[in-house]
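Have a look at the structure below, then the notes.
For reference, chains read A, B and C in written order, and residue numbers begin at 1 within each chain.
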Amino acid sequence: MVDKKKIYNWFDERVDLKNIEKFLEHKTVPYHKHSIWYYLGGMSLFLFVLQVLTGILLLLYYKPTAESAYESVQYIMTEVPFGWLVRSIHSYAANLFIGMVFVHMFSVFLMKAYRRPRELTWVSGAFLLFLAMGFGFSGYLLPWNQLAYLATNVGTNFATMVPFIGEWLLEFLRGGKEVTGATLTRFFGFHVAVLPGITTLLLAIHVLFVQRLGMSVPVSIERQIKQGKAKRLSIPFVPNYLYRDMLGWVLAMGVIVLLSSLFPWELGDKADILKPAPPHIRPEWFFVFMYQTLKYVPKVIGVFGFAIAGLIWILLPFFDKKSNRGEPNRLYTIIGVFVIAYIIILTIIGYVAPGE
Amino acid sequence: MDEKIPRRDAINYLLGAGLVALGGATLYPVIRYMIPPKASGSGTASVSAAKVGDLKPNEGLIFKFGDAPAILVLRPGGDPYTASDYVAMTAVCTHLNCTVQYRTDLKEIWCACHNGHFDLQGRVMSGPPPAPLDMYRVAIKGNEIFVTSEKA
Amino acid sequence: MRKIAAILLTIFTGAAGVHAKDSSCISCHRSPDWFSDTSVVVAYLSGDTHLNFGIGCEDCHGGDPRIGMAEGDPTLAMDPAKGYKPPPDRTGIPAFCARCHSDIDFMKRYNPRLPTDQMALYKTSVHGKQLLESGDTKVAVCTDCHGAHGILPAADSRSKVNFRNVPRTCATCHSDPVHMAGYKTEGGRAIPVDQYEEFVQSVHGKLALEKEDQAAPVCNDCHGSHGATPPNIASVSASCGECHASNRDFFNASPHAAPWKELGYADCEQCHGSHLIMAATDKMVGVDNGALCIQCHDPGTGGYQAALTMQAGIDSLRAAIAAAEEVVHQAETKGVEGGEARFDLGAAKDNLVRVRAVVHTFDPAQVTEITSAGIKTAEAVRLTAEESLGDLRVRQIGLGISLILIMIVAFGLWRKIKQVDSRTDFTAHGG
């Protein structure tokens, strides 16, 4: 019989298990009527891990060349046992991940959780969203089907709007003047090496910030506590909060498996560079609000507008003096609601409005 | 308190068993996924067309090469263990895309649709086919006969 | 030294003939001082196939090119005593060329694979008969198609007898109403001059002239070149059958073969035309508007019924293939089919191609046999593809199991949360 105590001691001596234990024992999470939003971060993390795992599985069979990318995905879906499941999970979870990150960000914004001292958590999170969109954009092309090919054509074309280095940037993204097999190989590199590397680093920093600073309690709750109208409640991270997290993860897994089995992610037709573009090309849903906006305003203004708006969005916490003082900030709430409404409405228009 | 202990145990057992089963249900597809399927990989680069011994001398065999048929022939009098005694070429006739076959009586590749004849180098001997059949390279590895789209 | 070089040169360029550099014919006929028209030599020197084989002027024209220049009297080279003969008139041209080209032993030394029967064939051709028997010099002689000096091999794309240029070459005379006026067919009808216009629109003309497909027939592939004659009624199917062999065989064994002979129909031409042959379509068979069968077969007759049966067979095969393709494509885009079905469907498409040949048996039984086989394959492929689409059902079992497990775990977690919460003091903050 192995002596458990002995093994414990052996590890404890080397990695200071006792300290970790103590830390986990004492880690708590605030508990109040808005604490449901706390789970979104953990949910995003779970989906990201799911992406990494299914992504690694896809790498076993995927071939990143124009000649065989489509065929290899077809092979994964039809020949490899459960390949359809792995690929569908990867596709559904990808979209769910980006959606989750969006909701996570807006909930943080509306609860003013970015306020001092969590500005850097907010900034790192915003960059993680951009990375997630980069994942989506680069991953969309990899099955090398017609829709993805056309969407990538349109998407990369916006690079030319960047002053001075536009042409260069376009060629850098496409690996040439046109979207070709070179683009595919390049996007593959971004998708499985460059982006995961940066994301992992940034994610570690993001989680570390959350850990160092703890969860932010919303201004309204904080005021109630200060006024003695409510009690400061919290629950232990282990096991109470962790069980809740796990419940969410398991249910998310159920939804993804359900979708993947009933509606396996489609493969489409193989990309044909010679085929003319159909009239209604649309990028992936999380780009649609930007794409639709560019139909109403001059492209240059639109692209710059979004660049500047994005920058302001990242920097907003630094100017929110009111929230920092613990006072409600109606203006920021209105801005947040406006941005959410704008994105939702433009996205809907993008899907229902007839194309040009 | 005493009554609660068996209930707590029941939940623990249920949760534990559920997690183990779910883990198994997750691992099963993952492991099945990782074992490469019998059908050869995607793409048309190289395909295991047959096993040594599947073909006797002066016999032909149609196999799937990518999405299109191809034909493997062991020359009359050829040695089943010698790669150079096999020839492989596309089985898609250059006339109207019918699938060609090996005629053991004529020792030729023959298309039934319009009576096109090809020699064992894929060249048109008679009939309407306007162009020769593309030849593939044959290699034997162990017990398997591989056909590659690299020019022979 | 120079002498050795000259000898070597002579050996390499061929034993016969004096090298162009040393030929007084060339020196003189190339010089604008002596001749206002130097085109003959220019053409010869620009790559005439004879030049490449080392055959000099004197080998056809006689005389001695080694003399004349030094002596200052070019006529010395063209001394009839030295074998010089003036160029032949049109009637003499075929015999002039045939001196070598009909000489098997001579030709073997230069181009062993080149036939030597051109003169013999020419004598059988309409051109040859007109020229040699009736003395009509308007007809084509060797030089009209091949040129006289600057003759290129037929494989050379610049040659007038290269397959790309043959239609134009024949059309020089045959599309010229003035030139062709007065010529009659055997039956006494005027010879048409629209063959070229028709040919360029035809499936053969498009292939040869637009796609530059060497396998497509041009004028001489059906009419012959040196022995050019119109194929007569008996030989039409032989001509077409050179390429369309299976169609010829099916037709010749068909119930149409005998009545065609009786009625004096020109085999294939009766349905497909001659110079204006269009790509055959499935619409040609059957009883619909535009179908050819009903030109002779009236409703209620056996032939009409046969046409109807064959049309139905081909149509249903096409429909079955289209239906299968639709489902297969759907299954492919959904990612449940990976080319296996499309591969199998190839067999049904083979049947469609085959039946388009077999239809020339005009035997509904044979046609239906092939179409039924094809329909069966296509149906099977469609069913398999539909099954693959419905294969999602098999997946649903696995889905059910995993969902049940997920629900169990979720339920367990929920109970566990209740349990740990009941033992937790929410007001006790950690840290």
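Basically, a residue touches a chain if its C-beta (ideal position, glycine included) is under 8 Å from a C-beta of that chain, and two chains touch if they have at least 3 such contacts.
Quantities reported herein were computed from a predicted structural model and do not represent experimental measurements.
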(request) Have a look at A-B versus B-C and report the one with more C-beta pairs in contact. (result) B-C
(request) Could you name the chain whose Cα mean is nearest to the mean of all protein Cα atoms here? (result) B
(message) Need the CA-centroid distance for the pair chain A / chain C, whole Å please.
(response) 60
(message) Using mean CA coordinates as chain centres, what's the gap between chain B and chain C in Å?
(response) 35
(message) Using mean CA coordinates as chain centres, what's the gap between chain A and chain B in Å?
(response) 40
(message) Residues touching two or more other chains, restricted to chain A: which are they?
(response) 74-75, 79, 85, 250
(message) Can you list every residue of chain B that touches 2 or more other chains, as numbers and ranges?
(response) 22, 29, 66
(message) Can you list every residue of chain C that touches 2 or more other chains, as numbers and ranges?
(response) 339-340, 398, 402, 406, 409, 413, 416
(request) Spell out the part of chain A that touches chain B in their complex, as residue ranges. (result) 57, 60-61, 63, 67-68, 71-72, 74-76, 79-83, 85-86, 250
(message) Which residues of chain B touch chain A once you look at their complex with the stated criterion?
(response) 22, 29-30, 32-37, 39, 41-43, 45, 66
(request) Would you pull the chain A residues touching chain C in the complex into a rising list? (result) 25-28, 31, 73-75, 77-79, 84-85, 87, 231-237, 239-240, 243-244, 246-247, 250-251, 253-254, 257-258, 261-262, 264-269
(message) With touch defined as at the start, can you tell me which chain C residues reach chain B in the complex?
(response) 213, 215, 243-247, 249, 339-340, 342-343, 346-347, 349-350, 353-354, 357, 398, 401-402, 405-406, 408-409, 411-413, 415-416, 419
(request) Spell out the residues on chain B that touch chain C in their complex, using ranges where they run on. (result) 8, 11-12, 14-15, 17-19, 21-22, 25, 29, 64, 66-69, 96-99, 112-115, 126-128, 130-131
